[in-house]
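Structures incoming, each one as structure tokens.
The same chain A turns up in both complexes below, where it pairs with chain B and then with chain C.
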Partner chain A sequence: MPERIMFTMGDIASAEGALSAGCKYFGGYPITPATEIAEWMALRMPQVGGSFVQYEDEIASITSVIGASWTGVKSMTATSGPGVSLMLEAIGLAVMTETPLVLVNIMRGGPSTGQPTRGQQGDIMQAKWGSHGDYQIIALTPASVQEMFDQTVQAFNLSERYRVPVFVLADETVGHMRERLVIPDEKDLKLEYRKLAAGDPADFLPFKPDEDLIPPMALLGSKYQFYATGLTHDERGYPTDKEDVQLELVARLNNKILHNADKIIDLERFMLDDAKIAVVAYGTPSRSARKAIKEAREAGIKAGMLRLKTVWPFPEDALADLASEVKHIIVAEQNFGQVYYMVKAAAAPTPIHLMAKPAGMPQLPHEILDKIKEIDSL
Partner chain B sequence: MTTAPPILKHPMVKYIREDRMPAIYCPGCSIGIVTQMVARSIDNLGLDFSKVVIVSGIGCTGRTSGYFKTGTFHTTHGRAVVFAEGVKIANPELEVIIISGDGDIAAIGGNHLIHACRRNVDMTIVCINNFTYAMTGGQFGPTTEHERFSQTSPRPIGNPEHPFNLVQLAASSGATFVARWTATQVRRATASIEKGIVKKGLSFVEIVGACPTAYGRMNRLGDGLDMHKHLLKVAEIQNGLPPHEAELDYDRRIVCGEFVNMEKDEYTAVLKQMREKLRK
Partner chain C sequence: MNLVSRYEIRIGGFGGQGVVTMAVVLGETLSLIEKKFVVQTQSYGPEARGGASKSEIVVGDVEIDYPKVMEPDVFIVLSRAAYLAYIKGLKENGILIIDEDLVEIEGDLPDGVKVYKVPATRIAEQEVGNKQATNVVMLGVLCAITKIVTNEGLQQRIEERWPRFKESNLKALELGLKAGEAALVGQ
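Let's turn to the complex of A and B:
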């Protein structure tokens, strides 16, 4: 399809991003503020020859997505915090079986049912640590309608490349805001697809990684037979309780992401080159921070922003570098402090100041400006 | 010099991962018998085995998928049916068979079972009902009879709950083919699994089986042989009986047969029609 221009909301941009990435399977369950993604997919999926299925709950939704992905179809689900909480066990299964899938979480107020129609960024740690055991996922944090599209495409690419669940973590404000969206001509999009099993089926080992730590994937219904299990398994896919296999597998599942962190992480440096005070933000608060920084500059304060477009794997090195460039770091996030602790660990001993706000209205530009001025006067 | 006699191979071994033998099952367990029923069904139908997908949840029965030499998946506990729905809907060309236990299918996965039946996705569920959560050591589950003993309903307390009748549950939820057999009625059960596979719609086949190690021991039902002899004795064939009359009373009477075989729009076919409607 040639380039298209829409004036639309973040949720719909994300759905269109998925379709542009070649997603042909959506399994979901309605939940505010992510419902619009399902509603859009209900009409659009059959148009593109794909499947939209409304399941009985989020556990069913994501588990069906894992099943669909193993047939070779790019697959996704979309939900919000309560739904992600239900999906956590299956996320572990997807990690363990190295299943490419995309999970869009339009973050609402929590804990529990919280404030369904109000935004928050309270699910950052959940995305990384929610399922049991030690593992890595990838999580992207868009801040505009265009980025909802672009980063959903990117989420599919990363999930295919690394055979890992990828989260699009957008706060409700980004999910529901309306802006101009440019959907590029399909031939201008760079799309990736998982490495597939090749060679003699008799010699095939379904979980034997290549040098890049990622095993080529066999699909259900192909000439390659395999057993995939959430149990700790060897290269044949067979369960084992041997300690060396457990150590090797867990290390590989983590390292295939951590060793490629440089290639995965996407950051924006805004007015940072001579900055003395840096704001670290992502999603909606980063939009306020941008305005605050411009105003601080007008007032003669050398402020800048490191905007995280990727929160997992966490950009530790970039934060350590930032700490050596600036005198103070302000972390502005719409929660009680989550990325803050990661920044603290990476950027010590530079003073880190938390602007926490676990509520629907993000930090406003003048509030961030006041904080910058306060820090500047220290 | 005498030559060693040729080693005879089991005719179904071509479907099985020989390198994973022996299986984990206890002596006297029904699960091996049911594994063979499924293999024989596939063989009798002459299916292209590479297009067959076998899915299980967690439990002793849940280990079954791992012994088949095709595309197989061992999901989380209770989620075999929904994983399978994703597979079938994304690629309707595949023949999807689910083999799992009563706990996996009717307790933790019970919600998925009823909704898959309602949706009528073309898949075959083979549920081994051994009246217990065997893998975890034999606690009572959704099919355990009232007052039976288990690790969580110990003597002299007994099970405070009442069981589901899986045939009634699947039938009332909308499954288009529903049957029940015991593990001792191998030929009839195999024929029903075949019919279930051929049926364009959701098929549910319950196999009442023996778990001598947990359920049998705690309820003093004898060893595997005793339990299977008992199953054969109390099995009463009543093909075509309305599902609500398909009684299951372990001591007295286990009504077996095919109870539902009806036509209803199949889900993946409906999705296909919808896509075509939009293309016009």
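Let's turn to the complex of A and C:
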């Protein structure tokens, strides 16, 4: 399809990004503020020859996505915090079985049912640590309608490349705001697809990794017979309680992401080159920070921003570098402090100042400007 | 419209009056037809109808950083609850447009605010023959008073968006323009 231009909301941009990435299966359960994604997919999936299924709950939704992905179809779901809470057990299964899938979480106020129509960024740690055990996922944090599209495409590419669940973590404001969206000509999009199993089925080992630590994937319904389980498994896919297999598997599930962190992580440096004070932000607060920094510069204060477009794997090296460039770091996030702890661990001993706001309105530009001025006067 | 970095519009009413649709049509026109930078947001409670509801537009000739309205240049208000909930923050010398049958000015306004009173709901009900056209009447009023958007742009967008209902909506727009021009003269 040729280039299209729309004035539309982040939720719909994400759905269009999925479709442009070749997603042909959406299994979900509508929830504010992610409902528009399901609504749009219900309309669009039949037009592209894909399937949309609304399930009885989030647990059925996510497990259907895992099953669909194993048939070779790029698959996704979309929900909000309460829905992610229900999906977490299956996220662990997807990690352990190395199932490519995309989960869009339009973050609303929490804990629990919280404030359905108000935004927050309270699910950063949940995305990383919500399921049990030691594992890595990838999580992207868009800040505009265009990025909802672009980063959903990227989410599919990363999930296919690394055989891992990828989260798109957008706060409600980004999900529900409308802006201009340019959907590129499909010829201009670079799309990735998982490595597929090849060779003699008799010799096939479904969980034997290549040098890049990622095993080629056999699909359900293909000539390969295999077994995929949430139990610790050897290269044949068979469950085992051997310690060496457990150690090797857990290390590989983590390292296939961590060793490629520099290829995965996407950051924006804004006015940082001579900055003495850096704001670290993502999603809607990063847009407040951008305004505050421009105004701080007009007032002669050397401020800049490191905007995180990827929060998992966490950009530790970039934060350590930032800590050596600037005198102070402000973390502004729409929660009570989550990325803050990661920044503290990576950037110590540079002073880190938290601007926490676990509520629907993000930190306002003038509030961030006031904080920059306060720190500048120290 | 002259080059401007940031112009903020807030629309308030109760759920069901079409305040979000009004902002979306305005946003589509400004973004897709007039090639401005635009962000549209809304805020509402869990109710499907009733409750104070607001929608917002930030428009400019440069990329919009902070997406929500901070100090509206214009506040259009269609219900008393929305007036009370969202009047705070209206800019000094800003513009306040009210549906005169539904909203009264209560309390102090910031210095220099210009108030325009228009019977938008009455015009929609009696002259267009459909109360649902109130938001399009108000788009015409906004266009006449602020010139932030062109009449031609709105006409084009209405035709594209509502081919089946274009006649009644174009009529509502025209009546709104006239009412807005009359309110301007009355100032």
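As a working rule, the second predicted complex is superposed on the first by the 378 of 378 C-alpha atoms of A that agree within 3 Å, B and C clash if a C-alpha of one lies under 4 Å from a C-alpha of the other, contacts with A are read in each partner's own complex, and residues count from 1 in each chain.
As a working rule, a contact is a pair of C-beta atoms (placed from the backbone, for glycine too) under 8 Å apart; a residue touches a chain by one contact, two chains touch by 3 or more.
Small disclaimer: the values here were computed from a predicted structure and weren't measured.
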{"item": "First (chain B), second (chain C), both or neither touched by A:288", "value": "second"}
{"item": "First (chain B), second (chain C), both or neither touched by A:90", "value": "first"}
{"item": "Contacts of A:238 with chain B and chain C, given as first, second, both or neither", "value": "first"}
{"item": "First (chain B), second (chain C), both or neither touched by A:81", "value": "neither"}
{"item": "Comparison of chain B and chain C by chain A residues contacted", "value": "B"}
{"item": "First (chain B), second (chain C), both or neither touched by A:57", "value": "first"}
{"item": "First, second, both or neither for A:73, with chain B first and chain C second", "value": "first"}
{"item": "Which superposed partner A:5 touches (first chain B, second chain C, both, neither)", "value": "second"}
{"item": "Chain B versus chain C as contact partner of A:176, first or second or both or neither", "value": "second"}
{"item": "Partner chain in contact with A:209 - chain B first, chain C second, else both or neither", "value": "neither"}
{"item": "Contact residues common to both interfaces of chain A (with chain B and with chain C)", "value": "none"}
{"item": "Chain A-facing residues of chain C, complex", "value": "24, 27-28, 31-32, 37-46, 64-68, 70"}
{"item": "For the chain A and chain B complex, residues of the former touching the latter", "value": "24-25, 27, 46-47, 49, 51, 53, 55-57, 59-60, 63-73, 75, 89-90, 92-93, 97, 218-231, 238-239"}
{"item": "List of chain A residues in touch with chain C within their complex", "value": "5-7, 32, 116-117, 173, 176-180, 284, 287-288, 290-291, 294, 360-361, 364-366"}
{"item": "Residue ranges of chain B touching chain A (in the complex, touch as defined)", "value": "17, 20, 50-51, 53, 55, 65-66, 69-76, 79, 82-87, 89-91, 93-94, 111-112, 115, 271, 274-275, 277-278"}
